[in-house]
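Everything on this sheet refers to the single structure shown next.
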């Protein structure tokens, strides 16, 4: 099966890292298709950037529709996820969503650990949006500068481990989500150095997406994720305008 | 004082209606500046359209910044509100937000009444985002076709009144919000035909925006609405890219 | 327009301070009418005192009804607010209520900072009553003696600033409410020394009350704030007994 | 032991009925002391009347302090309960509180059934104040006129039974509280005609009060029910002023 | 009246201690009947052990049914309580449940203090099950080894007092529950050394059980605690199989 | 990989049906190992029966440990799940848990539809235990007799479809979980006759279990699912006693 890894950030390095980490857990027949946002910011970290990325995500999925079996919204705050579920008929999974749902099977409370303080408000809102605040013990992030986002997981490995252990000791976390694409793959490396299970967002998303493809749910024609009626639009990308206008048959 | 009425829909008729209704309650010295989205859909009604409108809202506010004292996100689901509060230093009020906060001073529970079933999921999410689900008795919408969105408030006046009365009788509403720009101004007309207070979104927003300008709060330099650090971007409108890149002094 | 500032405390000094702070933000045509409780305690700080003040508030509003356009329950815990909304047909706003609603437009989470530990339980209950606990980051109060309640905002200025900053750093507050009449006016003075917006209760209440007068909502004849049926009573003030007995036409 | 049944309504008939129903479950050595409010309304039914009754309750308890082992706030909405727990060192139990706590041991969800629509908002607020909304299936009341409040439980017996059965069938109630003093004693009579356990407020309160006297908890000197510091007051009843001013030794 | 103290732990020493502490508050005519689990673990401390104890509790109550007026599930996490309420027609009270309900009449927030870290997750789940998380300030436990569970309340008396005081100072507790049978009776001894009321689980349970017997509620024939239909089973104790199969007349 | 399908009911027919439905979505290399409870009831439907099944589940998993890669608690209410996660080091997934987590990726609100009224209270408690009440629109069950539990999905197919459609129309469900082993496989058959996605519990559990095996999380040595310390026991099955006593190396 083919799973689109739709990264709403503009940095292809981030996309590569996500795909590499995802491949470690993908089933034999699964192919991960990389896609990187053509417009936006290199790394989404705030609500404003997520708003931009959310609109972009819809454009990206419209662009590639028909070439894959399921899609992953490959940024931890799941920008555009709700809208994507309305517009399209393939399964879509958010990286934050998948990480949290998997974490729920491994502990009563999960913590989210990430690399930048600026991410906290956005992450807090996505936890609430998914209705999982009651299962979230804490969101903790690095509060110090780092050399490069591409290497932050190596440079700050020990600090991130300490943050994770802190959520277990002080916040009652039973499982820790390492959040954000720059941390993709880290869970495998530090597995034995944190006393609770670790969850990697893209890996969780790959397993959830595979499961959804196998479960093969029908597209809703009622409820809040039914497809909206056809509508005119102005100035949107052709692919997205076609989807919104029901010219995508 | 000058208040920007930023309508993320592309229809100028909707903008005109909003400004007309807002003027009925504005203080003597207040000027309402109309602005209509250059791209998007004529009337936002779903999460997907709200995602598109949210990104557009940031672009609109960036474009006009410096020419007003406060801005109103003039669509009931407040697209882009959180991001706007991060990026800009002027007060921003959402139309849904203002309606609900004013409603809280008029009843224990408010109902939201609007003109299209498709709006319900989006509205439900914005109520939750504002943390006001506990104060919301019900969201009820017209479930029948109408001739024109421009005239829906006249054509369906009695049905909307019946919906409003129904929320009082069956859902325990103490106050009813008439939601969505096409209903702007209706509250004044049907005031005596519903047994509880009615709240008009744009009118509530105008009074809240005026209040904020007079209160003159400082821009946060800490907390979740502090301004994000300068960041590069790709392919965004010049005005928005300048704000995100801190080139807007 | 005329707004009654109904102070359920017996100290006229507190009333004066409230009116002075309120005037700083009132619109040109607005007159603030002071009223001080004839019976009770100099400064309400506990549930027991709030119970006494709540009954007194109804008596005060009954006494002056007909001479103003809107009333402010001018003590932070809003004593008597619910009952006032039942009995009377003019808009009534609580000082805690207004401060919290305005704070909701300035941050995701607000903190409440005040001058005496004894206030915390009462404040916590009023936050809950308004259904806003999910938006409240913390309630923090001075835990040290002060010379005079009339001068506490000067004497303890730095400690109060430190408390406010602490709620931002440790509790995740995006906006800080300076609560309690003895702190009225302080927000204007220390505005630049706290990194998030400050909200002054009486100033928030004045802007909300002005907005309500302009919005001119009808009196409910259904829902929980409809006027109760006429009832006999025994031993109440004449004005209040007349209102309860519907002899106030 | 002696238990004060402090009725904040002015009708002695209601007090008599409460004491009569309470005696049916009191332990051999327990004496129920009746007390009726000297001022207020014959039967509290709204928030405004509860505010008046709450202040009166403190006065009543101050007046009789020293002559009993525990007190019952003998109106279903528990007016003045929080303040009473601050001021006094004897156990105080609310009738709504006791009914709900006992109901929690008999079902997952309780319903509250009473005799007048006007009571619903006040009852809803007391359920929330006690933090028990999650255990409350519904509040249902008679919505029709009756001849006399003194005889309402006989006149409307079948309607009340139907209401109770309806909460079981339609709202998922596992236990039904018959609320309000005019219904005291009814539970015993209709016990076999409703398919779930019934709880009578005064009877629940008597058993809880007896239990508290036997458990003999200490008066808090910390936490939110510690006694407030001595304070001057103006115009209050001598007994209450003495308690507030710590002149009650 | 006769109250069964059904201890799902296998240690008779624990049963003895419970009965001794319970007798201190029991009414003159009340007899406490001890019963100790024939199979299981000496002291339940985890979810796994509670699952084993829950099934055992049903077997124990089935075994002794007909010989008592009410039963106490005499382990703090109330194992088997929900099932017992379905199967049997006598009142059943849980020790955690009774302690929390009584605590609700003594403070706004209760803390739970106990002797072993392993108990925390189980206790947290029982607080949630009872719908009382909103009233729970904290769960704090000893995090150090002790010589013998039978003497832990003496050996660690001062540490437990410090824990209790800490919940008042740091977590806002108004009342402290000393949880777990090994702490039964401790509340009486340290009463004056903690500044808020203490609640002893078995003592609270005895007073609640006595109250229920006097209130004499009917067995539900509807709602979630109605008796399940007769069912076959395999390999269960004869007494329990008879109850489940309705062969217990 | 090998996944144990541990059915805590005593009917092997139910186990067979679960395995058959699970195979339809299992990955090529996955083997589903059936296991049926040796003691208990044919079909768990109440809290009492779930208590018995929960203890049995621990015994079953202890018995077979070492012969599989992950286990499914194959009854919709997940009896024993929490305890299993403490005791064992392999991944364990509950059937209700998996169904709800998968449903969260397909809609904002899920409904649970099942075949017997008696199941509702138990199901409601498991939804709460998983912290997912906010995502649950309704629990609806057949309220009529059927010939045989083995054939209920055929006999009542249309009624079940109507129930499912009703949750979409009346309760706002976006996705429907067909709950309980007797309904396993039904989702595939009626897929096109309900306008929203359907989730089959065992199929969801198989995909979640496969995902967990591929993610390969470590066993917690801290947090609430760390393994409890070794403990003596009395009268338990040898396998379970060995696990509890740490004699299972």
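Observations on the model:
In this document, chain identifiers A, B, C, D, E and F correspond to the written order of the chains, with residue numbering beginning at 1 in each.
By our rule, a contact is a pair of C-beta atoms (placed from the backbone, for glycine too) under 8 Å apart; a residue touches a chain by one contact, two chains touch by 3 or more.
All figures in this text were calculated on a predicted structure; none of them were measured in a lab.
Just one of B-C, A-B or C-D has an interface built like that of A-F, with over half of its contact pairs in common by residue number: B-C. For the copy pair chain B and chain E, the superposing rotation over Cα atoms measures out at 180 degrees to the nearest 5.
At the interface between chain C and chain D, over half of the residue numbers appear on both sides, which makes the contact a same-residue one. Centre-to-centre separation of chain A and chain E, using mean CA positions: 44 Å. Taking each chain's centre as the mean of its C-alpha atoms, chain D lies 27 Å from chain E.
Multi-chain contact residues of chain D (touching two or more other chains) are listed as 108, 121, 124, 224.
Taken together, the chain E residues at the contact with chain F in this complex read 10, 38-42, 45-52, 54-58, 79-80, 82-87, 118, 120-121, 125, 128-129, 224, 228-229, 231-236, 244. The touching residues of chain B, when paired with chain C in their complex, are 25, 27, 91, 93, 97-98, 101-102, 104-109, 130-132, 134-135, 168-169, 172-175, 191-192, 195-200, 203-204, 207-208, 210-212, 214-215, 217-226.
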